[in-house]
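Labels A, B, C and D are assigned to the chains in the order they are written; within every chain, residues are numbered from 1.
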Amino acid sequence: MIITFKQTVTPEIKHAFQTKFNQLHKQVFIFGLRMAVVGLDHYPFSDQEAEAIDQIIAETPSYVQASRRFHPEDSVIKLPHSEIGAKTFTIMAGPCSVESEDHIRRMAEVAHQGGASILRGGAFKPRTSPYSFQGLGEEGLRYLRKAADENGMDVITEVMDESHVPLVAEYTDVMQIGARNMQNFSLLKAVGKTRIPVALKRGMSASIDDLLNASEYIASGGNTNIILIERGIRTFDHQYTRNTFDVAAVPVLQKLTHYPVIVDPSHAVGAWDLVAPAAYAGTAAGASGMIVEIHDHPEKAMSDGPQALKPDTYLTMTKRVAALRQCMATWED
Amino acid sequence: MIITFKQTVTPEIKHAFQTKFNQLHKQVFIFGLRMAVVGLDHYPFSDQEAEAIDQIIAETPSYVQASRRFHPEDSVIKLPHSEIGAKTFTIMAGPCSVESEDHIRRMAEVAHQGGASILRGGAFKPRTSPYSFQGLGEEGLRYLRKAADENGMDVITEVMDESHVPLVAEYTDVMQIGARNMQNFSLLKAVGKTRIPVALKRGMSASIDDLLNASEYIASGGNTNIILIERGIRTFDHQYTRNTFDVAAVPVLQKLTHYPVIVDPSHAVGAWDLVAPAAYAGTAAGASGMIVEIHDHPEKAMSDGPQALKPDTYLTMTKRVAALRQCMATWED
Amino acid sequence: MIITFKQTVTPEIKHAFQTKFNQLHKQVFIFGLRMAVVGLDHYPFSDQEAEAIDQIIAETPSYVQASRRFHPEDSVIKLPHSEIGAKTFTIMAGPCSVESEDHIRRMAEVAHQGGASILRGGAFKPRTSPYSFQGLGEEGLRYLRKAADENGMDVITEVMDESHVPLVAEYTDVMQIGARNMQNFSLLKAVGKTRIPVALKRGMSASIDDLLNASEYIASGGNTNIILIERGIRTFDHQYTRNTFDVAAVPVLQKLTHYPVIVDPSHAVGAWDLVAPAAYAGTAAGASGMIVEIHDHPEKAMSDGPQALKPDTYLTMTKRVAALRQCMATWED
Amino acid sequence: MIITFKQTVTPEIKHAFQTKFNQLHKQVFIFGLRMAVVGLDHYPFSDQEAEAIDQIIAETPSYVQASRRFHPEDSVIKLPHSEIGAKTFTIMAGPCSVESEDHIRRMAEVAHQGGASILRGGAFKPRTSPYSFQGLGEEGLRYLRKAADENGMDVITEVMDESHVPLVAEYTDVMQIGARNMQNFSLLKAVGKTRIPVALKRGMSASIDDLLNASEYIASGGNTNIILIERGIRTFDHQYTRNTFDVAAVPVLQKLTHYPVIVDPSHAVGAWDLVAPAAYAGTAAGASGMIVEIHDHPEKAMSDGPQALKPDTYLTMTKRVAALRQCMATWED
C-alpha cells in the first residue's frame, strides 16, 4: 500500500501511522509525503486518519528503496577518485584475477591510461570448478590496493563470503557481488550492514525484479550505495557468446530505479573481439559506466583469458567510448 | 570438406573435381581457388589429383554461400533509392500495418523526413491469433508502393505465403521473411527463385547458425541478395521487454557472413520508450541499418501500437542515430 | 466477451445476437448456451436483449474452439485403425525419413509389433541446412502408405508446404505440422480447409498460448480434428539433450483444451538412451499417446539417427509403457 | 588427465605419481587402478614411469568425485529411518516453512501417513523480497526435529548461511542447499567440511555440468554424502508453470554420476494441481525419490501456498507413486 499524505500532514501524524503498521509487523518507508507499507493492501482507516490522507494506492511494492517512484533523482555514488551515476560515465578496468604484484601494477597503469578511475581485480574467485585457481586472497587485495593508490584510482573487488566482508572492506572502495551470489541473501545482508558501496551483478537467470529485490536486501540494512551491473543473461544462444548481453536492461532499470546502472561487456559476450562492440552498445544505450577485463597476455591469464582485452584494444575502445559519450553529451531526456 | 587448390590449377581441373563430387550427390561451391564440398569430410584422392591440391580442411560447412570465409568483402544490396551494407547505414521506417491510403502516405512523409530511404508496412500480417486483423492484402500493397514512390523511397513488406510471392514481388523492392517463418523452408525456396532482395528476420529461438542456414535456403535458389535482421530473441525475461535484444549478434554475424546485418529495435523491445536506446545500441554495435515502426496515433494502431514511435520521437531518434554514425565514421576496423 | 444465455433462450435470439456481432466484424462462436465474441469486451445491450442474458464475462478469449471452457469433454480423433484422445493411449512409430520401400516395410512390422497403430515416416523433410537429405517426396508417401496398409496401420506424415497438402492428403490419415512451421499461418489455414486430422507440434519457443492460438488457425477453417504434440522446447540447456522435454505441458494443456495431447520423446531429448525414460515420464504424466522414431541401423539413418531406437529397445519400451498404462487404468480424476 | 595403471602397479608407485603431481599444485584422485589429475593434459613421463602405465586419456575432468566413471555403483545415503539411492524410492514431505509447533506436528503425521520417511520444513527461508516472511529460525528447527522424532522420521531443512551450518547440523539429518545458493561456493565448502548428507538443488539456470561441479565443491571437503535435486529450470515459458520441469535431467544425471537424483515437483511446476502429474513423471523417469510440499490450508501458508498439496491430494498421489514404483520393480537396466 502506498499512502500519499496531504500537504498539511505533520511528522507526528506520519509517525503515528508508522507505529500502527509496525505493530502489524509491516515494514514502513517514508519518503516526504509518501509512505510505503510493504505487504499490506488495505486497511480500515478511521475517519480521523483518513483526513490526513490524499490518496491510497492498493498495491504492495516488492522493492521500495530501489524504486524511482520514491526517489525520482538519480543516485550518485561518490568515491575518492570517481563519481558514478547521473551524467557521469565511469570506467572500471583491470585483470580478471590479481595474479602478482607486478602484473596488477602494470595493468593499473594501462587501465588508468584508458580513462578508468576504478581498478578491478579478483582476489577471491568464484570458479565453476573447485579445482580451478581460486585467487590470491588477502595478498591479492594488498597488491590491488597498492596498484590503485599508485595510479590515483579507486578499487573494486568481489566479496564471496560473509566472513570476508570485514577483510575486503579494509582494502576496497566498492564491494562487488558476483552473478552467482546475487541471491545469496546472507551475503547481501552482510554488505548491507556496511556503508561501503556495493556493485551488484545481475544473476544469470535473474529477472529485472529479482535484481531489484536483491538490491533491497542490501538497502534494508541501511546501505543504499548501490550500483547495478548488467553482465549478460543465460539464454539458448551460447555458441558464439558466453551469455546474451541484455542491453535493453539498461533503460529498463533506469526507468525503475535511481541506482546507477553500468554494463560488463566482458562477461556479457565472453570473447575479446566482441567486447568493444558490446561496450559501444552499452554506452549508447545510456549506461553510467562499464567494467572491463584487460590482460597483457590473455593466453596466459589465470582466469577468463578469452574475454580479456589487450592493452592496445582497450585503449582504442576507451577512446571511442569517450567519443560516443561526447556525442551524447548534448542529448536531453 | 574445403579444398584449396594450388595457384596453377586450371578451370578444367576444378571442373573435373566438381563433376566427381556431383556424381556422389554432393553440392559443390567454387570460390576462386577454394572449393567447398558439402557433407563430405574425406576422399581418397589419386596421386594425380592430389598434385593440384594445396590444402584440405576436413570440415563440412553447413552454410557456404553465406560464409565470409569464401566471400571476404561485405555484400552491398543496391536498390533504386538505397544501398545496404558495407559503410552505409540505412533506415527503414513505417507503420506496422498499412492501415489506409491516407495513413501510409502521412507515415511515409515522416519516415522520409527522418532519413529513411525505405518504407515499411505490412499488407499481410502474421498474427498469433486468427481473429486479429490480418492486413489489407493487395490493396495495402498498392497504397504502400504509391506512398513510397511519392517520397522517392523503396519498399519493404512481408511475404508470408509461397503463393503470394509473385504478387508481393510486383510491389516491393525488398521481401521480408518474418521471424515465425524463418524456417518455413518452402517459402525460403520460393523467394530464393526470385532475384528480389530478401530481408530475413531471425526466429525467436533461432541460433546464429540456424539463421545462416536459413539464408542458405534462399541462396541455394540463386538469390544472394540477402539482408539479416536481429529482432530480439525469446528468453526467460519478458516482463518489461517483449523479447531480449541480442545486440551482440550484430558483430557475431558480421564475423561469420558478408550479408548486411540490420537491427529491428521495435520488435526487440516491444515498448516505444525503449526503442530509441535499443536503436542507439544497435547503431553503436555496428549494424548496417535499422527498421523501426512509427505511428501518429499508436493507441489506435491496428497492430503493435505499444512499440510504435510517434513522429516526434522518431525524428529525435534519427537525428541522434545520425550523430552516432558521424562519430563512428572515422573508426577503422 | 463471453455471454451465457438463460435456459429459455431460443435459437432465433442467439442468431440475432450473432448477426449483430458479425456486423461489427467480430467472430462469434456458439456452444449451447454460451456465446464467445472474439475481440469485444463490452456492448451496450438494450433492456430487451439483456433479458435473454444470464451472465457476461468481459474477457476477450484469444482461442475459442480449442478451449475446454466451451467443450468440456475430451475430443477423440477416430481413424480406421486407431482412436486418439480420452482414455486411449496411441503409439505412433516409424523411421524419421522413409528411406526405401523395403526399409519402411521392415520398420512398419517392428512398429506394429510394439503396439503402434500409426506408422510415421517423413517424405518431405524440413532440414536446417538445404544441403541435407530432403526426403523421397511422393515416392516416399507411396511406400509409407503401402507399408501401413500391409500391417493394418494408419499413417502420419509431415506436410511442409501449402501446395503439397492435396498430395499428402491422398496418402495419409494424419497430417503433421512440424515445430518449425507451427506459426506458418498459411500452411495452418490450408490444412484447416481439409477434414483430415492434423497433428500440430509445439514450436521450439512457443508458449502454451501460442500453440493453442496456432491450433485456432486450423480450427477456424472448420477442421477441429486436432492433436497437439509436446516435443521439447529450446532452453539454455542443450548439452546432453537436444531440447528440454516440458513434460508438465501435458497436464497444463489438458486443463486448457479438449484436444488430445501426445508426447514426442525422440525429438524432446534427441539421444536414443534417454528416449525411454522420457516416454515413461510422458506416459505417467497422462499423455494420450506418443510418437517415436525407430531404426534398425541408426548409424546409417538418413536423418536423426542419434535419437532413433533400435527395434529391441523399442519393444522393451513399449512393453513397459503398456505396463504403466495398465497401472494407471484405475486412476480416476 | 586420466591415467590407468597396469594391474601390477604398487601403492608406492601410485603414491610417487601423486606426490609428483601435487608438487605441480594439481589435485589428484585415486580410484583403484585409475588416477585423475585435475587440470593437466600432458606430462613428459620417464620411460620407467611409463612402464607402470596402461593408458592415458588426455582429458581434464572438471568434476571427478561425482563422476560415475570412477565410481560405477550407485551411491546410497543411509539415515536412521531412510535410505536414498540405488533401488530405493524415498519420499520427503512437509510444509514449505515451519509455521508453528502444532502445525509441523500435524503435517508430519500426514507426511508419514503418505509414506514419507523424511520430514521437510524451512526454518530459514530464502525469499526474493527481504520484506517477506524469513522463517522461525532455531525455534523452527526445534519444532521440526520434534515432529520428525515423534513420527520416526528423518529431517531435511535448508541452510542458507555458512555461519548457520553448526546450528542447523544439530537438528537435521540432511542439509539442503537451495537453488539460489547452488553456486554459493563458500556455503558449499562449509557443508563439505561436515559429514552430514547434503541435498543440492539445481540452480534455476544451472547446466548439468554446473550442478556436478557445484557438488564437487562439497565433495572436495571430504563430504560425498550428496543427493542431487532437479527442481525445474527457468525458461521462456512461465505462464502456467513457475519453472520448466526438466524431467530428462534425471536419466542424464544418472548416466554421469553415482549420487542419488530426486525430483522436486512442487517447485518445478509451482501449481498444486500440476504437482501430481509431475511427480508421476519424475517417478517413471527413474528418480530415486521426491520432495514435496504439503499444507492443510494452502491459502493461509506463510510461503509458497499455491504449490502445496492438501493432505487428501498428497495421500492419493503417494499411493499412485507407490503403484508406479511397484510396476517398475521388475524392470532391469
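As a working rule, a contact is a pair of C-beta atoms (placed from the backbone, for glycine too) under 8 Å apart; a residue touches a chain by one contact, two chains touch by 3 or more.
Keep in mind that this is a model prediction, so the values were computed, not measured.
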Quiz item: Using each chain's Cα centroid, which is most distant from the centroid of chain B?
Solution: D
Quiz item: Since chain A and chain B share one sequence, what rotation angle in degrees maps the C-alpha trace of one onto the other, as a multiple of 5?
Solution: 180
Quiz item: What whole-number Å value describes the gap between the mean CA coordinates of chain A and chain B?
Solution: 36
Quiz item: Which whole number of Å gives the spacing of the CA centres of chain A and chain C?
Solution: 47
Quiz item: Whole-Å distance, chain B centre to chain C centre, using C-alpha means?
Solution: 32
Quiz item: Residues of chain C touching 2+ other chains?
Solution: 205, 209, 234-236
Exercise. Would you tell me which residues of chain C are touching chain A in their complex?
Key: 205, 234-236, 238
Quiz item: Can you list the chain D residues touching chain C in their complex?
Solution: 205, 207-209, 233, 235-237, 239-241, 244-248, 250-252, 255-256, 268-269, 273-274, 277-278, 280-286, 320, 323-324, 326-328, 331
Quiz item: Where on chain C is chain B touching in the complex?
Solution: 27, 38-39, 62-64, 126-132, 160-163, 180-181, 183-187, 189, 203-205, 209-210, 213, 216-217, 220, 234
